[in-house]
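Next come the structures, one after another.
Shared between the two complexes below is chain A, which has chain B as its partner in the first and chain C in the second.
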Partner chain A sequence: MTIASLQGVVKRYGTQLVLDGVDLDLHEGEILGLLGPNGAGKTTLIQTLTGMTPVDRGTINLFGDDRHPFSHANREKLGLVTQEITVFDELTARENVLFFAGVYGIKGEEKKRRAAEALAFVGLEDRADKRPAKFSGGMKRRLNIACALTHRPRLLIMDEPTVGIDPQSRNHILEAVTRLRDRGTTILYTTHYMEEVQAIASRVVIMDQGQIIQEGTVDELVRTIQHEEKVSIDVTDASLVDRGRLEQIAGIKQVTVHGNKLTVISAAGAGNLDRIITIIKEQTGLVGIQADKPNLEDVFLTLTGKQLRDKEEGS
Partner chain B sequence: MRVLSTVPWTLRRMSRDYLVLLLLLGVPIVLLSLFSYLMGNAMAESGRLLFHDTAQQMIMSFQLFSGSVVMSYLYYDLFTEKRMRIFTLPFNKSLYAFSIMLCGTVYSLVLGVLLMTYAQLVLGVVWEHWVWMSYNLLLLSVVSSIVSLILMFSVRSFKTAERLTEIYGVGFIVLAGLFFPMPDNAVMNFLGSYGNPLTLSDGAVTAMANGEAGEAWLQANVLAAASLVLFPLMLLLGRRKMR
Partner chain C sequence: MTIFEFALKRSFGNPTNLIFLSLFPLAAIFLPQSELWPALPYGYHYFGILLLFVAIRLTAILIEDRTSGIVKRLAVAPITHFSYLSQNLLAFACILVLQCTVVVAGGVLYGQELGQPLMLLVLYVSFAFTALAMAVAWVALYRSKEIAFLVYMTIIVLLSLLGGMLFPVEMIPEPLSRVIMVLPTYWLTDGMAWVTSGGDLLDFWLANGVLWLYTIIFLTLGSVRKIH
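And then the complex of A and B:
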């Protein structure tokens, strides 16, 4: 059953086309991973889906309602975990959750019970009466999530909820997301971390330049590029390698360099490994070589030609 | 009226803002104590303690800065990264903004009344009309909040709006002649009397203390009228900015 959908959605900021005829369906009970490089239009898509930004063209259907998708009744079924931490530093963790519970019309003992439940869900019950100003980044992010859960939303939108946190908190959040899905919550999850999507998403949508360029399960997406082979080669000094010469070898599609690791993508069955190794040995030392199975990151790279975490690694 | 549920939390947030407490309660208490010590028992021509008038003007003056509190909370909730979450909540955003304004005004009034209490219990100032003085503190706080929000909604940068509210506050204290005498001409006289919220509220309280109820109500009503005239402008600019 479709819980939310966008049909032919177009959004411009001035002359810049940010969403270019986006069609997207969210099915009840799924975790939909939304991937895209910076500037792909993910945040704008979320803003249109939450009613914050009006669309120029197209329709949005939320919970079966396309006439008034952002009515208060529909908003009550919607939860949003923002990319930025949007909790009140002057209130304790419990008070923050109570604030949002009150706005959703939850009252009295039920409100207190729900707040305690939400804090326990994200593992903050022992910090309930502390203020978030003294929390670690991961704890603040978990509180950010708890604030969006008290009203038990049918659709939860999570915009990069694990940015800049420690692995322990990330695991905690990913477990919580999976448990939410098990409880029947539909989740739209955007992230820069491919491995998160690979671990939790039932379906993946890849966006670039305001368009959805591919969608399907992780396995389906990986199958689309199985006509390619990927080889990772560790060398002693990658700066000495002439990428141009490698790219001229028959069958080679792409050569990328990260540190002293070269990643070479060739057409399946190209049989050019000997030639690649010969050229590399002429220019620098060969440390190791590994043939990899294609994964979601390779799909993304093939489709967009961009690394998802380019900006983050550069900063 | 889901917005009502946020009011206790907004007030709680304001009461825990230690920087605001320091600036609008701590600093005035220190200044009041210092001036009380320096002025001692010197008497004014009116037969009251000279410090009485100074304390009254000082407490009123700090109300001019109450708009900064409202402006800052409104800005952080509705115009920064919190905006996205607040905008998805099932309540009326304009009403939420209005509730913050009311909370800020009430909070500022409470701080003013605390200063009055301190001046009376500790420094020996006897306020003749507590309710009238509080009413005028409230009017001054309302006008200051509205002016601050108009400034915030009118300019692009929040920093600029902050500087403008400071100019508004300090400017009217200067125009009231509290720092040094102002030139004697029609414009300055107007800005130092009926065109100055600080002079109006101070004048209303003094007139009531002197038994001139008509003049007291006139001055207070001018202040109330100013807030009624400015309110629609604030609403218009606010709705445009929040869109």
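And then the complex of A and C:
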């Protein structure tokens, strides 16, 4: 069942076309990973889907309503985890969550119960009465998520919720997102971290230059690209290996050596691994071998010609 | 009324704000009377300046909400921008009106010469709303709280100087004396003169009326800016 959709959505800022006829469906109970390089239009897409920015052309349908998609009733079912950490430093974690619960019209004991539930959900129950000013980046991010959960949204939009945090907090957040999906929440998840999308997304949409250029499951997307096969081979002494002999094997495109590691790139489906291993064993000792399959990063690179993150950011 | 409730909580949650909101108004009650000028005790004559400072400090919450993305988050929630702004303003107004009441009531109890204390309270409340509206309009122009504060400090000094709060308006040269009538502080000074010296009641309501006119104009300007 489609819970939200954009059809032919066009958005311009001045002369710049930011969304160029975007069609997108969000199905109930899925985690949809939205990927795109900087400037692809992801943020604008989120802004139009949440009613923050009006569209120039096209239709938005939210919870089956395309006439008044951003009605009061529909907003009560919508949640947003912003990229910025939007919590009040001068209030405690509990007060922060209570504030957002109150904004969504939850009152009295129910409000307190929901706040405690949301804090427990992100693992902050023991910090409930502390102010976020003294929290780590990861804890602030978790509180940021808790603030969006008290009203139990049917559709939760998460805009890069793990930016700049440690791996432990990231894992905590990814687990929480998966548990949210398990209890029926539909999630639109944008990130610059490909491995997150690979780990949690039911479906992936790739955007570039204001358009959706590919969508499908991770496996479907990986199958769409014709890619070379890469094999990394650790040997006892790489200087003894005759690279010329290896390069003469059918299908091999390139052999490179770094220390005692050989990297052999072949055309997809060449089926030459046995022959490679035989030659190496004749010349030196084989320590280990690893075949690297194409992943989402390769799909993204192939489709957009860009890295999702700048290399200097690290991974 | 969640936003109203939390605006109060946040306003008192800051230690510097606590000084502005409680200590300074209390200190104003006990400042002495001058023999020549001003006619009101110092604490009461300068109370208008304190209201200007308090108003800009309170409304800084609006800049913080905008820059931190809170407003963006609220834009997705089932709440209108009007509701967000009006609940915040109501909280700030309650604080300012309470301050005015405490200062005037405290002065009466302490035995300060306040002329007509009830009318002074009315005048302070009118000016408190003007100060609040000016601050709202001012913070709507900025994304940085620090820059907004810094420039507004200069504005407050100028308003105080030219509005007759730091020296008598009679000392201002003739060509300027007509121009300063456009300043809200001029009308506060004018009202305070009426409170101590008396005169036509219409003059007092004129001063209040002008202050409320400014309030409406500045509130309209300040409410234009929404999410970004």
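The working rule: the second predicted complex is superposed on the first by the 245 of 315 C-alpha atoms of A that agree within 3 Å, B and C clash if a C-alpha of one lies under 4 Å from a C-alpha of the other, contacts with A are read in each partner's own complex, and residues count from 1 in each chain.
By definition in this document, contacts are C-beta pairs under 8 Å (C-beta built on N, C-alpha and C of every residue); 3 or more make two chains touch, one makes a residue touch a chain.
Keep in mind that this is a model prediction, so the values were computed, not measured.
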| request: Superpose on chain A as described above, then tell me if chain B and chain C fit or clash. | output: clash
| message | Contacts for A:99 in the overlay, against chain B (first) and chain C (second): which applies, first, second, both or neither? | response | both
| request: Once the structures are superposed on A, label A:42 by its partner contacts, choosing first (chain B), second (chain C), both or neither. | output: neither
| query | Just chain B (first), just chain C (second), both, or neither: which does A:90 touch? | reply | both
| task | Could you look at A:181 and tell me whether it touches chain B, chain C, both or neither (first, second, both, neither)? | result | neither
| Taking the superposition as given, does A:51 touch the first partner, chain B, the second, chain C, both, or neither? | both
| said: According to the stated criteria, A:230 is in contact with first (chain B), second (chain C), both, or neither; which is it? | reply: neither
| remark: Both chain B and chain C touch chain A at residues 50-52, 72-73, 75-76, 78, 80, 82, 84-86, 88, 90-91, 95, 99-100, 102-105, 147-148
| field | Of chain B, residues touching chain A in the complex | value | 2, 5-6, 9, 12-14, 16-17, 81-82, 84-91
| note | The residues of chain C that touch chain A in their complex are 2-3, 5-6, 9-10, 13-14, 68-70, 72-79, 227
| query | In the complex formed with chain B, which residues of chain A make contact? | reply | 47, 50-52, 72-73, 75-76, 78, 80, 82, 84-86, 88, 90-91, 95, 98-100, 102-105, 147-148
| field | chain A residues touching chain C - in the complex, by the definition given at the top | value | 50-52, 72-73, 75-76, 78-80, 82-88, 90-91, 95, 99-100, 102-105, 147-148
